[in-house]
Amino acid sequence: MLEPLFAPSVQHTLDLIGIFVFAISGALLAVRKNFDVFGIAVLAEVTALGGGLFRDLIIGAVPPAAFTDLGYFVTPLLAALLIVFLHPQVERIQLGVNVFDAAGLGLFCVTGTTKAYDHGLGLTQSATLGLATAVGGGVLRDVLANEVPSLLRWDRDLYAVPAMVGATMVVLCIRYDALTPFTSSLAAITAFVLRLLAMRYHWRAPRAWNRRSTVREE
Amino acid sequence: MLEPLFAPSVQHTLDLIGIFVFAISGALLAVRKNFDVFGIAVLAEVTALGGGLFRDLIIGAVPPAAFTDLGYFVTPLLAALLIVFLHPQVERIQLGVNVFDAAGLGLFCVTGTTKAYDHGLGLTQSATLGLATAVGGGVLRDVLANEVPSLLRWDRDLYAVPAMVGATMVVLCIRYDALTPFTSSLAAITAFVLRLLAMRYHWRAPRAWNRRSTVREE
Amino acid sequence: MLEPLFAPSVQHTLDLIGIFVFAISGALLAVRKNFDVFGIAVLAEVTALGGGLFRDLIIGAVPPAAFTDLGYFVTPLLAALLIVFLHPQVERIQLGVNVFDAAGLGLFCVTGTTKAYDHGLGLTQSATLGLATAVGGGVLRDVLANEVPSLLRWDRDLYAVPAMVGATMVVLCIRYDALTPFTSSLAAITAFVLRLLAMRYHWRAPRAWNRRSTVREE
């Protein structure tokens, strides 16, 4: 069992911030897809809580935190409400949303990895589940909105790699017994900054060998 | 632990009716999408059992009822068989199907909520999970059929709200120690009638503020 | 508790072969959809491990084997790497891939059924879960790639039926106390050969009564 990285109240606040910014991204997609207010709320909830829900089902932590902590459930509703009334303004500050989403990504890959390790998974598996926690909500969001998950698309800026780097840093710290609030914050910040850089410079992952952009996407 | 609301055999019969009508809606969509008979059976099973399966995974009731009670598994197959041979007739009585589907919605939001509360979830979470039980199968059906879930679309009559009202009535009854076969039947019937009214008068939920129908759906 | 069918090392090798060939099919679809290398790796993992993950969640075997056995996790990555560099060659030997995929189908329906029975499910439910183990990864693959699952489409050669036959043979052997390495191999081989025949002779399942091919697929 790892020592708690942060004071529980700090951890909880960080979680709620991550949930809020992911919920914003879900609600915005729902508005773009022309869903009604319930669709907006559902997509906000799924985006914010889906990754953690998947993690908790895998490690057998049922009922999942999303269904035991009322704050986890209410926060996405507040985000949805905000977007229902303010979506033109929020879209105009899309950059700000992306920055918050990057912060959520950094945070979730760290907390997901440590929680998985706490439940007895190996180091590689913990990092994988941390990655899944960070990106899972976005994948569910896109599947429900009937779109190809942006995680998988070659024409989107790098998203998985920053989370992979953050999760890897955490398991290396665990391996060498160096996981402290400082090092785990460093891992989260590294993932956060890498994601910001990927957006700023449009870093993209290569596709399969010999695959040129002349190949039309189906 | 709540007292069982109904005699077990009554409860079981109600469950099977709910499963049957949801399976009909899944099988009909499969026919419209031109799936083969196995696709029809799969979509019937997923629509009928998906919501309860999700609920059971969340509350840790594994193996889920869908995999322990043979009747739950066979009923959707019968519905699929019926639709394979009689789909033109059933489509003609679409109204009847919708009425049964509304009955399933009312029933599942009540039983889902009480089962979640029985497994130790809080009141708000129990209502949420009851809602998810009622609408989850339909969402899975639409995802597998590669369509935008009709739950999320603004151009469909209200579906989530009746289930939310029913689930809320149940948790209020639990809160004030008034959950009896009578009050829970009342909750199911309220959800059922609200859904019928929503279909009859084409009640729809609003979309995001400033979102006009001139905005084309992507 | 059933006796282990094969020596553990034999069983494990067979599992890894099944995982590898399913991962190939996921990675190939990802290349066709023009995903980047991370998308290819994700789709390979999901296709290879999705069916077993679903089975383990249903029977409550958490954390699932996919997250405890490092070989299960690494094998799809190797398959993805292979496809990234060699996809034109592999597509040319599509027949070979299909043969391996059929082998994975036969194998997974047998191991999925026996594992489900070992965890206390009834015979029918065990066969159903064995079928879900065999086809589940492919369904998840198609959902993530935003395509109608080929399992459900009438214009694809039979896929579910061979797995159903294999799983049914296994539960009949269990029922009559005749499950041995020989009979379970026979079940896997029967499923394998049936799938090969279905591909060779383009066996297809019927659609709903009165449904003609003049009906355009939506």
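The letters A, B and C name the chains in turn, as written, and every chain counts its residues from 1.
Definition applied: contacts are C-beta pairs under 8 Å (C-beta built on N, C-alpha and C of every residue); 3 or more make two chains touch, one makes a residue touch a chain.
None of these values were measured; they are calculated from a predicted model.
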{"item": "Classification of the chain A:chain C interface as same or different, half of numbers criterion", "value": "different"}
{"item": "Angle of the C-alpha superposing rotation, chain A to chain B, to the nearest 5 degrees", "value": "120"}
{"item": "Centroid spacing, where centroids are CA-atom means, of chain A and chain C in whole angstrom", "value": "29"}
{"item": "Where chain A touches two or more other chains at once, by residue number", "value": "57, 60, 143, 146"}
{"item": "Residues on chain A engaged by chain B in the complex (per definition of touch)", "value": "30-40, 42-43, 53, 57, 60, 62-64, 67-68, 70, 73, 83-88, 143-146"}
{"item": "Of chain B, residues touching chain A in the complex", "value": "57-60, 119-122, 124-125, 128-129, 139, 143, 146-149, 151-154, 160-161, 204-211, 215, 217-218"}
